[in-house]
Every structure is written in C-alpha cells, then in structure tokens.
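Working notes for the structure below.
Each chain gets a letter, A, B and C, in the order it is written, and its residues are counted from 1.
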C-alpha cells in the first residue's frame, strides 16, 4: 500500500527534509556515544576529542532543524499527524542535543581518566552502556518506522536501565571511605554512569514523543494526569 | 467559560436524524444523523460537492426552494420537528437565520436592511424598530461604524461591513440558530478576523453552524467540527480532536492536505 | 533570441483602420440624426408659436395649431400606459418569478411575446378593429348599454388598448431583463429572513428592478407615441377640433396628423411649415420621453449604488 502524499509537493518535500535531518542528527548522536564509550574503553584521547567536535555539529543540527520546523509551522499551518510530527520534531532535537552533550561529557571524563590507575575491583560499564545504546537505536528506529509498539517497549525498558544504574551506584558507594587518589578516579566514573543513565532517559523521551506522534496519545507523566483527574472528580 | 475536554457536552439544539437530500435521482447527502450543540460554533468542512452546503441549507429549509430537491428524515429544533406536515418553512427561517458567502445587502439603506426581517413579520412601532436595529448592529459590532449614516445606502459599505450588516440583518429577528455559508471567503484577512471575532462573541447567545473551506478558520472559530465527504458525514468531534488527532483516515488526509 | 517589443507596422495600420471604421460608423449615426433634427428644427421653428401649440387647426389644415393632436396623443399615451404597463409587468413577474424554469406554459407565453414583437404594426390596427371595435365594443353596447351604438366604433379607448397590446412585448422583455438583473443572492437573503414568496417579489425583487421596469415602460410609451399605423383603424380622427371627453370619442394624434398633412393637403406649399412644426413637436415629445427614461434610470442607479 502506498502512503498518501500531500497534494502540495513543496510541503511534502519540507516534511521529508525535516525527517531526514532528524535521522542524520540521531545518527550523529549515536556515533557520539559509541565513540565516547570507545574512547573510555581504549583510553583514546584523540577519539575523545573527536566526540567533543561532534557535539558542535549536533548543536548546529539542533539550530537548523528548529528553524526548519518553525518555518513549516509558520508557512503551512500543519494539522493532525503533520502537526504532531513537527511539534515532536522540536522536542526530539532537544533530546538529541542533550544526548550529544552527555556524550561529550563522557568523552571529557574519559580524558580525565587517562593515565589514572583503574579502580580495583574494576567497574564494568559494559551492560549499562549496551542497554542505553540499544534504547537510543531502537528509539530512532521507531521514529523511522513510525512504530508506536516498539517505542512503548523502550519506555518499559527504561526501568531496567534505572535498575542497572542504581546497582552500579550502590557498588561505587559501597566502597566506603577511600583515599584521595581513588576519589579522583571515582568522581569521573560516577559522572559517566550518571551520563549514561541520563542518555537512557532521553531515549525514553524520544520513545514517548514517537508514540504521541504516531497515535496522538500522550504517554508522558501518566501519574500526574491521574492525580489531576482524581482531584476534579 | 473555558471549554476543556473535561466539561460535559452542552445541550442539543438541533437534532438531525436520517436526513437525506437528493436532487432528482442524484443523492446529494446522507442519510445523516448528528446533534448540533446549543451556543456553540459547529464547523462543516469537506471538499467541494461533499454535501456540507446542502446539509446547511436543509437546516432552515432553504432547500425547499430548489424544485428538484427531495428531503427525507427529521430535523428537530429544541425537539420540534421542522419537516412536519404542519410546519411553514417561512416560520422555520425566522428562527434559523442564514448568512451567505457573498454579502447580499438589499439596495436599501443600512437601517432598512436590518429592519427588513422585522417589518415583514409584523407591524411594529417605529421606535421599537429603531431600538432593535441598533441592538442588532451592536451585536454585529457594526454600530459604531454606521450609527451616523443609518440612512445611507448599504451598498456604500465595504465588503467586510456589508457582511457584518448581513449578520446584523439576520440577528435582528432574534434567531435561535445562525447558519453561515462561507461567510468570510470573499474578505481580506482583517475583515475575516473581524467576522471570526464576531462569530466567537455571538456563540455566547446563538448557536452557529458555519460552512468553511478554510480549515484554519474552522480550527479557529469552532468548538465542534464535522467532516463531510461524498455526501456522508465521515467524522464529527470536538474541533481540537479533528485537527490534532482525527480518528478517520479520510479526515486525516483531508485536514493535512493529502487529498486528490 | 531577441524579444520583439517594437510595434510592427502591420499592427499599427490595423489599429488605424479599425479606428477609422468606428469613427465612420459613429459619424453616420450621429450625422443622420443631426440632419433630421437640424432640418426639422430650422424649418419647423419658424411656424412654432404659443398659438400653434394651443389652437385648433383651421382653414382646411392650412392654418391654426395642433392643440387637439397634442392632447389626443397625450391622452392616448396615458391610457395606453395605464392599460399596458401593469399587465406587461405582471406577465414578466409571473414568467420570471413564479413560473417554474421548465414550465411549458411559460415557454408558450414567451414564444407568444416574441412573435407579438415581430408583428407589423398595421396588423395590430386590424386586430384592434376586429377584436375591440367589431367584437368587444358591440358586445358592451348590446349587453350593457341596451343597444346604443357607442363602443362599437373607433375611439380613444380602443386605440389606446390596441397600442397597449402593441407595446406589451417591449414592457415584458424589459421587465424580465430587469428582474433577471436582480441577483439570486438577494432573493435568498429575503427568503432566509422568513419572507414569503410574495414578500420577496413585492419588497425586494420589484423595487430593485424598478429602474429597469421604468425604462422599459417609457421606451414602450415612446414607441406607442410615435406609432401611427394601428390608429388608422382604431380611433384617430382626420380632423376634430373638439377634444375627446369620453372613452368612446375619436381623437387627433400628432403622428397621424403628420401623415394627413403630408398626403391629404390641397396645397402642399402652404401646409409645409405646419408639417415641419408638427414633426418638431412630435420629435420633441418622443425625445423627452426617452430622456426621462435615461434620467430615471441613472437616478435610480445612483440612489442605491
């Protein structure tokens, strides 16, 4: 079945451009995380520096996509699914931009860690990092496929990430009083864990935005709505 | 009053059941069943020839004037059947006013235009007519602009003023319902904005049903929207639902401009 | 490729030729009218006087004035208008407002009206003679007046009615034209305000087309004022110094008087000044009626435009 297209080709073209720009930006954010984690693992300062440069690209993407979306809003007065797509685009780019920042933060922390002795026992970011990367990839896939079910699965999976992060934290805290040298390593390590968890949150936001875009149903803050409804009745 | 999705639906002003209109052997509309809510603006949208104007004209029995039109079904105003055997279409039209796409003032003075509906109905004191003319012109936000030249020809007014005069003329007989057939399609953006503001103000006292090709206008002025396609009512819901998240694919395609 | 913006000689010549042709046509129309008016004016003016307008002809038409003809013409036009315009307007209103668009009866009436307009005026005279004078008139005499011969002969009433029939198509066509110029949206507006069909017609449609109806009426009147042939059989008198005082009286008519003066005079040279002056008065009357029509029309337009 072919998707019906807008009678106005100019409008259709603008929407396609917007979608492609968002995907490109998402790809950059993914790459930034992968590189940041790579630089952490391999203690690769050059790669970490590249991540910081990538963040500039991502920031520029945000500005340009914002402008494009605003132009479409001003000139086309989109409604229904078009309106949801464009307003969600504005939110999606904010999340992607934050992901870029967080990747840059991981890169910076990994530069700090270069030349420092590893913690004993070692901290294994692997499973958390993999889970977060998977969430972001699937969130972007669900955006491409307009697949709300996939997006909902990501939202559910966020609990897993939170749990993994919590376990990591309690591991770090349980090390009790430490000497200054260890603290120097511990602080950036904690920061990296925190960044990963935040990236997971943004991936979840992306997923929620995709659900709204596709279904027109808001799945954010379900507790808040339940409470306000309860107050009224 | 702020109308949010949690407020209960207002009472039903017009109740339409199985309304069907055909011209000769060609079906133009329906059968359609729908409730129009009191003191709300209901917008009828859809591509040309979808039956929305036919529907509008069935509500005040203007279709009776078309010799080939056959109308079946029921339209009730506050529970009273408008298509009953005893009902005089003339009486229906006094309670359900209409404003047309092209402003159509009579080539008479401004005051005479507004007073027309009053004068043909019954004999009234001059002072009473004057009062009701002023009242109607105030309600249509035209009074300040024309109060010093009520005896001038209505045709000297600008397009937007003429349209507001036509609204005043329809309001002068105090109708329950005001039907509007693309009332702003021939006006510039400023005159259009005035008409839209006026429609908004009127909805406090009158039930308004408006046909429009301008989707943004429907979104701006109405609280309910009905989408017609090929003579059928495809979707009827609160306006923000139609424009944010319609449930029918046809509606989605129409409002986003993916038709044809 | 170079854009050709220069005016070509061929185009210029074409324009000039067209302008010349239009000017020539215009000259022909205005010229012939001017020749008539000037010729009649110069020759007729000498004989024109107050006495000429207010006295009866005497001396075997070679002296006196044309007062009875002026009065007779005016009275005939008045009666004709009174009889013809209401019927014509009513017919047009029926055809345009009440009859269904595909009504066979309306179609038939329209064809009849069109054919009526094409009938030579002399035939109308014969119709008046046959219908009014030999059929309706004697009927009135026999059944209402107990056999006295009064309406069974040519008279101003029959002449006026005959002329009314003659001018009916003009009134009907002009009125229908005026009615069709009233936009449908205005009718709809009145209906939507709860007006009945009659109210729509009487308070909106007819008032709005009054200018057109009036024009039609006056054009019909001016045609009736200038038409002579039907009067030959129906009531115009060769010479009648008294004014008509009853509907059955005969009357003098300006047009007929011109005809009489130019064909029946014993001394052509002696009657020529009178003839010119009479033609001048007739022309003035017709022009005045046309002028009234134009003024009325533009006034109505200006009043609400």
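What we mean here is this: contacts are C-beta pairs under 8 Å (C-beta built on N, C-alpha and C of every residue); 3 or more make two chains touch, one makes a residue touch a chain.
Not measured: the values here are computed from a predicted model.
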Handout entry: Remotest chain, subunit C as reference, centres from CA atoms
Key = A
Problem - Identity of the most central chain, Cα criterion - result: B
Problem - Averaged-CA centre spacing for the pair subunit C and subunit A, given as whole angstrom - result: 91
Practice task
Starting from the mean Cα coordinates of subunit B and subunit C, work out the distance between those two points in Å.
Solution key: 48
Practice task
Name, in rising order, each residue of subunit B that touches subunit C in their complex.
Solution key: 60, 62, 65, 67, 90-91, 93-94, 97-98, 100, 102, 104-108, 116-117, 120-121, 153, 155, 166, 169-170, 173
Practice task
Write out the stretch or stretches of subunit A touching subunit B in their complex.
Solution key: 4-8, 11, 77-84, 215-217, 229, 232
Exercise for the section: Note which residues of subunit B are touching subunit A in the complex, please. Expected result: 6, 215-216, 219, 242-246, 251-253, 255-260
Exercise for the section: Using the touch definition up top, name the residues of subunit C that touch subunit B in the complex. Expected result: 100-101, 183, 185-186, 188-196, 199, 203-204, 207-208, 303-305
